[in-house]
Structures are given as structure tokens and as C-alpha cells.
């Protein structure tokens, strides 16, 4: 949060069939539908989020991620960062308030890795779903499926990791929490705004702009098991898990939405402060870095992207 | 317990190198070494067991299981069952008290599936490890590794499942808790003495007398995760997990001892009473029956036996 | 199970207001209403139970327990035990099949402690709630509230514990798993049929026939927390917990139904086999025996009875 | 982190007997002793902390807290905040580097509530205890007792909560995460630097400068149970728990060190970002705010202070 960027704010995903997508994200993941817009986009949130939405689904012919957004601390910060992004060499585009419903103006840019990001400072505050602001209960009754706690981060595949790192640390105030190095080459980098092991992560890939997964936080390892059970009960396509990562040590499971976009739900994992030494994994231990228990990579995890 | 057979009492396993085996069973699994005998066999127990030992390791050129034992309620029951086993057509051999240290006389027989079993009525009662009998604490301090709670069951591969089922239910008083059927063919059968989903289980295999795994109980899904972490930290060969079974719904992880014998640690799972309807899985759902989350079989799980 | 008695089969409780009681037992505890009879009694079950019902609620002017039942292995066993109960000196009454809906004939008797018990051999088998018998999922969707797993045991207050112990062990085949002794006086006794730390328990009290609580099993310590949260959210009267017992080491929480009957939900706890040494707690450690963490008694726990 | 203050850095506690205190903080809490100084102070850390120490114990005639420290992002920030503290009206004292071993210069001040705080920018970085920086395992083997994860926060009793709030938010960049209000009077305030529900908290009390507890983070609710068990096994004085708070919804247990200083270990709880609406509890719900399950206050919790 050194530069005023607070946290991931939302992600817009492309889905092939909206009805099936909602069955997945609402009934299985447990997100809550909060609105729709004239373009047909559907807005969802996880129950602990105080802003109106964190996931936007758009029907399209190809799956993947349109953009990922970070919320900044105020509008002055947004303007300042827009300038700094241009100085860094990013092409910056401003979208007006209301282009996403109840969201303020957004500053979009493309990272050297080829991904579309955006910053915003304002979004309607609707409070945690199902709880009072005064004397709130511990959790709301009526949550569905995996009861996802929050949209947590995205993992993205692309090239130019060095320049991407420089952009996120120097301009946006992220710190490098963890990395995988193959000698002098960065294979993976996990970037944090504060306390979380990653708010966004990149893995080296020859193609720019590919989407690996959107990740949602769960509260406990019991919840990861419940998620796994629900994946099986609903005949949802699983990737891998329940397991633990070496990187961040999060406890996790991966699966696919009906359009082929990968999702993660996870819990735990290390916390990170800006003064923490960077955690490095070496490329020869990549299997263990990714899947701590199996210690071998699942080919699908590396190659199935949207 | 309809015929006086109470529970699995011990299993004797062959290991290629005793020092490495003890590193595995004591430091990793968390069993406690309680004695050795003149043959060089080492006796181990899990901490909640009140009898002196439940695992016997014997150094040999080939891994595998020598025999699995069940404890019966008293000596009269042992004599009666010896007779009934002979009537069933088993060749019965009696081993004298003391052949296993501090264990009473044992009645050995071979099941139609080709496995060596034995019954006994007496073993030295040493109480739970590390706890007082009066005003006992919740658990002992000083447990190692996975802190295995008890030796729970064995899964065995062999043929003649129908006759084996008849032996275990009619003579020994087990009930059939779960089964996998391929039309009229029994693929798997899980047999219970009382409340546990299985005290012994068999899977159809063309070769007689093969050993799939010895299983140890853990208390929680958190403990299964800890076990998985320890498997990784100690560079132990993993088979699969953490995951859940469809059969019994236990939460589980599989790995190998240094000799190649498979171990399971698991928690939870359904309970079974003698009047419960048999749970049937169909062969077309065998993947989900074995690995509830992945819903596909891991070839290794079906073919690596000792 | 030495004498053919398998497990607790049901308990009939008196409630002051049926609608409020159902709100409690169905919406909060998560039992499932399965039937009603002409007397206005309501029949409930927990989801893992294969028999039709395990809790019967009867509207009355005073709360408390009418009777607790155990299921025996078959009708011949029921007849034999009826005879043995008479020989022991119990006055035995037979209730015809159908007096409780879809339940076979029942043999009622009063224990020396002043409690009404009954035995039965037949009840309609309806299978686990919400699951198929073939290829069953791990758990059913749609469970409510605490999602109680099964009716587990009752704890009863009364006198003549020695004679009650003799009845349950010699006639009914229970074993004494745990006890609290004050010198030569039995203060508490926990009796097991097989593997469970208690299927019924008694605490010494000058008045005969008092009811302390009916207990329901949960799967995990996370579920005990969820139960505690739900107790708070529904403004249900709590007694104590979440905590652990010294006796049995179960993890537990106590609360009251709207009529003042105490309920427990718990998980874990030691397992017991008939050959296990009796676990003894001494009266000077009664606080720790009952509430392992606080190590002092809560007056309410000892004196509020129905 | 709006003003460069990152997190709680350490707390110095007074203990009556150092040997007994170390038995408590090392063997029971699981902190690691890392150094001692010429004054006889003992330096401890929790295993996930990358800086050298987080708890300093000083032998004295009275228990209590000498001071609590926050780490700031760099030395320039430290100087800037020293100036702003003086402008706010705090008397500021600078302690030289090395006064606490391997810690840089510290800026001390007293809050309106009467508590001594300090800021520092530098401390020797020793890395997580027992783990490599390259390819680190999930957790170190050899942790003791409760295996405390980190020193998390302090709760302090004193007056002038309004001015204290103004100091912490305006000068130090905390945000108000939660509060208890009695009409217009602040009863309690929980202040966060980022993501945590509280980095420091204050409760209204007529006397200035009193210490309620130092709190340490655990990973799971299972760990809270383990902590409770260990409290009982070591005959440590318990205050209350395991339970959940209404405020922050953390899962918790309280107990006392041998000098009478209260400790908390807890897990979970809500996360907080600077733009989150303040969560308010009303004074009429104070019981539920403090102890979510019991919904009544334990007098000891409010009045036993050091």
C-alpha cells in the first residue's frame, strides 16, 4: 500500500454461457448476484466484501479475463497513478464513472506481460452481505455452495516478467513476496500490497496476456474439503487438489468453470509485509513449489490457459 | 462382534532394512517402539492402543505382509472359532503363547483370498502410551511425526472374494459394510466388526495374497494435512492425497515405507452397525468410489502391491 | 454388544410447545421431521441414521425424558433379554408393534436409577437421509442448522448407581468405559456397547429418574464452533462451551431447548473396546473431569435437570 | 499503513520471575528465546516473524507492559512521525540504537490513554525461525507448546479514548476498524494498520495506562483447542475460552502468565481495509461483543489488569 493501491477490486471474466456460468459462480462458488447491466454483464460479490461487486461476467465467444482492477485509496491517488503509469510508458485509457455500474472512473493500462489492468477509487459501498453494520453476527445464514469469502487474486501467464515487476513495484507500490528463479530468469513472481502472500501473480509464458486462474479465499482447510466434495457432487471439472502450495504455502484446490476458466479456492498461506525478505524457489524445485505434496507438476496446470 | 471377534490386533510387515523402517514408522508415522525379540522383530504401538503392540516389523528380502491378527473376546471364543475355521475348511495352525512377545496363543489360518490371518485372545495390557489411567489428560506430550492414533485396518488384494466374504461373515462375525459390484462380480468388499467402516477390506486381483496397505487412524483433516506436509518434508514417496474416498467417505493420504509397503493415514469416514444396509458402488463409478474428488483411478493405486 | 444390544435407538422427550420445539430440533439442531402420529407425537431423525427415527417429541406440561431405547440385534435377542430383565428383578412391560409408528414391539423397564428404558429389534429402515444407497455422495445437501450427525447418548441423574451398573453390564452387555469415584462411592459411570465412549451415562443424584441431556454427534471441532455461533445467532440459551470434557475427552457444547431440556452436541472423544481398562477420575478432580479446560464446575451443569 | 507505520514490532512486559516466565512464554506459548542483554532482559520471537524479536521480558516487582512498539517503513518516516507526534502534543523521547539489542533508534511517546508506545524503523532481520529462505518448507519442526505464529496486538485499558483515536488515526495512519459506543461515549476502539482487525485496541477505564493482554496469532481453531488443552495440562490459570469474540469475530482463549499478565491466543477474525465501514457494537450488547457465545461478561475479564 506504499503508493495508495489497496487491494484487488474486481475481475471481469468472459464466459460462453451466462446461465451455466451463474450456476457455477453463484450456486457452487457461493458468490452473490448483485446486479446486471444493459450490456448483459452480471455483477457478483463475495459475502465479506464491503464494496458492491468483485466479479463481472460477460458472455463472449472465448473464455478468459478482460481485466483485473485494483482499488486505490482516493481519487487524487488515482490521478497521480494515471500520470505515473504514463511516465512508465503504459498506454493509459480512462473509462468514465458508470461504465461499470456504481463504480467510479477507471484508469486502464496494459502490463508488459500483456494483461489488461485498471485502477479505480470509488465503488458503491453496500456492506458485507447478510450482516448488519451494527452488532454484526459472525457470518450470514443462507450462503450457498463453497461460501467464498472474497475474491483474492489472479494468476496470469505472460512474458516480460522483469518489466512487469518493475511496473508493479515502482509505480503501483506492490512488493515482491515470492519468486521462482531459473538462474537469472524469473519464472514466477508473487506480488503483494500488504499482508497477503499475493494480490496478483505472474508466471513466465511465451504468449502474452493469458489467464491462469481467479482465486477466492475460504476460511479453513475444512472448507477446502467441502469445496472438493461439492466439485465432485456437481460433476465439476477438477484440476488438482486438495493440496498445499510450496509457494505461499496456501491450502488449495483448482477447478474449471463451464467455459474453461480456471478457479482456485484456498485458505491459509503465509502473510507478507513490505520489509520481509523475498522468498525464492529455485526452478529445480518447481514441482514442490507449485504442488507441495506431490512434488511433481501436473501438465494441465502449466498449459491449460484461457 | 457377533462371534466374539473384537478388532484388528496387529499386523506383521516385512521390511528390507530395519533402521530405515523404524525411521519411517517411529519418526514419521509416530508409532512407539515397545520391544524387540530374539528374531530381531521390532514391536510398535500407536498411542491410544491399550494392548502392548499393534505393528510387528520383520526384516526380510521382500516387503509385504506376513499376517494380520484380530483380537477375540476371550480364550473360550478363540477355541470355538478355531473349530469353526476348521469346519469351514481352513487349515488352522496354532502358535504358542510367547511366539510373539507378551501375546497369548494364536490361531492362524489362510483366507480363500490367499492371506494369512490369526486370532488371539490375550496380549499384555500396557495402557495408552504417555497417559495415566486415573485422571488422564486428553493426549500425551512427546508424540512424533503424524501421531498415528491407532492401527486401523488392512486392504488386501486377492481372488475368491465370495468365499472370503462367507468366511469373514459366517465364521468370524464381520458384516459387509460396503462393496463394489461389476454386475454379478464382487470387485471390492469392506468388512466391519462394529462401528468402523472397515476392519479389513479386499479388492479382487488375479494373484492371491497380495498386500495393498496398512492403515492408521488420525483424528482430524488437519492431521491429514500435517501428514501430507511431513511426507513432503521427509521426501517420503507419496501415492495420492490428501483426498476423500467415495467408499467409506474417509479422508485420506497414501504413501510408501522405504521398503515399498503402502501406508494410509486417514480420518473420519462413515460408521457402520450390523443392521445397516450394505452400501454398494457400481464398477462404472470405481474412480469416484476410490478417489471421490478426482473421480479417476491412479494406475499406481491399482497395481503397486507388496 | 456382548448380549446383542447394538446401540441407542431413540429417545422420547417431553416438550411444552411443539412448534417451538420443532423450530429448535429441526431448524437449529438440524434433525429431519419424518412423521407424526395420532397422539400428536413428532418423529425426527439425524441424517446418518438408517432407521426411520431417533427422537420422538411429545407435548406435555413438564419437560423431561419419557424413555430411552436401545436397538437389539434381532427378535430372539429381544425375547431373551426380556426374560433376563425379569430375572434381574425389573418390572418389564411390553408395548405392541406400532405403538411408535413403524417400530416393532418394545420391552420397557425401569433401571434402579429410576429411568425408563426400552429395547426393540425392528424399525423401518429408511436409509440415510438425502443419500442414495448406491454410489452415495459424502453428505446430503440441504441439511439445516447444526447438521447433527446422529443421536448419540443420554446422560441421566439418579441414585443406585451400583445396581444400575450391574443391570447394564450383566444383563445388557454394556461395558464400563469411565467412572468417577469418591473413595468407594460411584459418582458417575459411562457405559459403552462398542467403540463409543458412552452409549448411556449416569451421575449420582439423590432424586431418581432425572434427565440431564440428550447428546448428538457432530463431525468436527469446526462444527462445534458453528453450533456455538448458531446458538448465539438464534438467542438460544447456552449452558457451557465450546470446551472439552476430561471424561471421554469429547469436544462439546451444551444448550437448552425451549422447554428447558438440555442438549449436547459434541465431536471426537476416546473410543472404547470391551477389553479396555476402565478409566477412572477421582472426585477431587471432578471439575477437570467434567470441564477439562476450566477445571471448575458450573453450578448450573450439576443442578438444572428435567 | 497510510503514514508508513507497518505493524506491531514488539512489546516489553514486566515479569516477577524470569525463569517461570520463560517456562510460560517458551515452553507453553512456543516463542523462541533469541537473546539476552546486560540488563537481564530476555528477547523472544514467534516463528513466522522475520525480525529478530517481538517480545522482551524484564524482571520487575510489578507485572504489566513497559511499552509496545510499531515498526515504520524507513528511517525518514521515523523522523517525520517524531515531528508529527510532537506537533500533536506528545512528549517524545528518543532511545538510541542498541538500547534494545539489534534494534535501531526508537521514538517513544505516551498516548492520551496513558500507555507508552514507541516507533522504530530498523531491527536485525533473522528470517523465519527454522526455515530456509530458499525453497522453504511449510513450517519448521521442533516448535513447542502452542506454536504461536506471531505477536499480533495488545489490548489496553485507559481513558481519553477520543484523543487516543485522533492520535492513532491522524498521526500514525491507523484506521478505526471496530468500536463499542454507549450513546456518545466510546467504550472500546480497535485500530488497524492494514487487513488485521486490530493492531492495537483500547477499552475505556478510569485509570490510565493499564494493560489487559498481549495477543498471539494461531493458525486454526484446532490450534485454539490445543492451546486450551495445554493450558489445562500445565495447570496454567485460564481466563475464558475457547470461544469467539463478537468484536472482530476472532476465535480465542485467554489465560495468565505466572506474573498475572493476561495472554490471548486466537485465530481467524475479520479482515479490515482502510475503506471498510466502521463496525459498531452498542453498549447494551457488550456481553455479546466481547464473548459471542456466552453473551455475558466475565467480571474477571473487565477488572483484572496489570
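So that you can tell them apart, the chains are marked A, B, C and D in the order they are listed, and the count of residues begins at 1 in each.
We adopt the following convention: a contact is a pair of C-beta atoms (placed from the backbone, for glycine too) under 8 Å apart; a residue touches a chain by one contact, two chains touch by 3 or more.
Chain by chain, the UniProt names read as follows: A, B, C, D = Metapyrocatechase.
Since we're looking at a predicted model, the values are computed, not measured.
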## Note on the structure
With centres defined as the mean of Cα atoms, the chain at greatest distance from subunit D (Metapyrocatechase) is chain B
### Message
Of the pairs C-D and B-D, which shows more C-beta pairs in contact?
### Response
C-D
### Task
Just give me the whole-number Å value for how far the CA centre of subunit A (Metapyrocatechase) lies from that of subunit D (Metapyrocatechase).
31
### Message
Based only on mean CA positions, could you tell me how far subunit C (Metapyrocatechase) sits from subunit D (Metapyrocatechase) in angstrom?
### Response
44
### Query
Taking each chain's centre as the mean position of its Cα atoms, how many Å separate subunit B (Metapyrocatechase) from subunit D (Metapyrocatechase)?
48
### Message
Quick check on subunit B (Metapyrocatechase): which residues sit in contact with 2+ other chains?
### Response
138-139, 220-222, 229, 232, 244, 288, 292
### Message
If every chain is a node and each touching pair gets an edge, what shape is that graph: line, ring, star, complete or other?
### Response
complete
### Summary
subunit B (Metapyrocatechase) contacts subunit D (Metapyrocatechase) in the complex at 137-139, 141, 220, 222, 229, 232-233
### Query
In the complex formed with subunit D (Metapyrocatechase), which residues of subunit C (Metapyrocatechase) make contact?
221-222, 225, 228-229, 231-232, 238, 241-244, 251, 253, 288, 292-295
### Task
Mind listing the subunit A (Metapyrocatechase) positions that touch subunit D (Metapyrocatechase) in their complex?
1-2, 6-7, 48, 50-51, 71, 73, 125, 127, 133-136, 138-139, 150, 194-196, 219-221, 244, 246, 249, 268, 270-271, 273-277, 279-282, 285, 288-289, 292
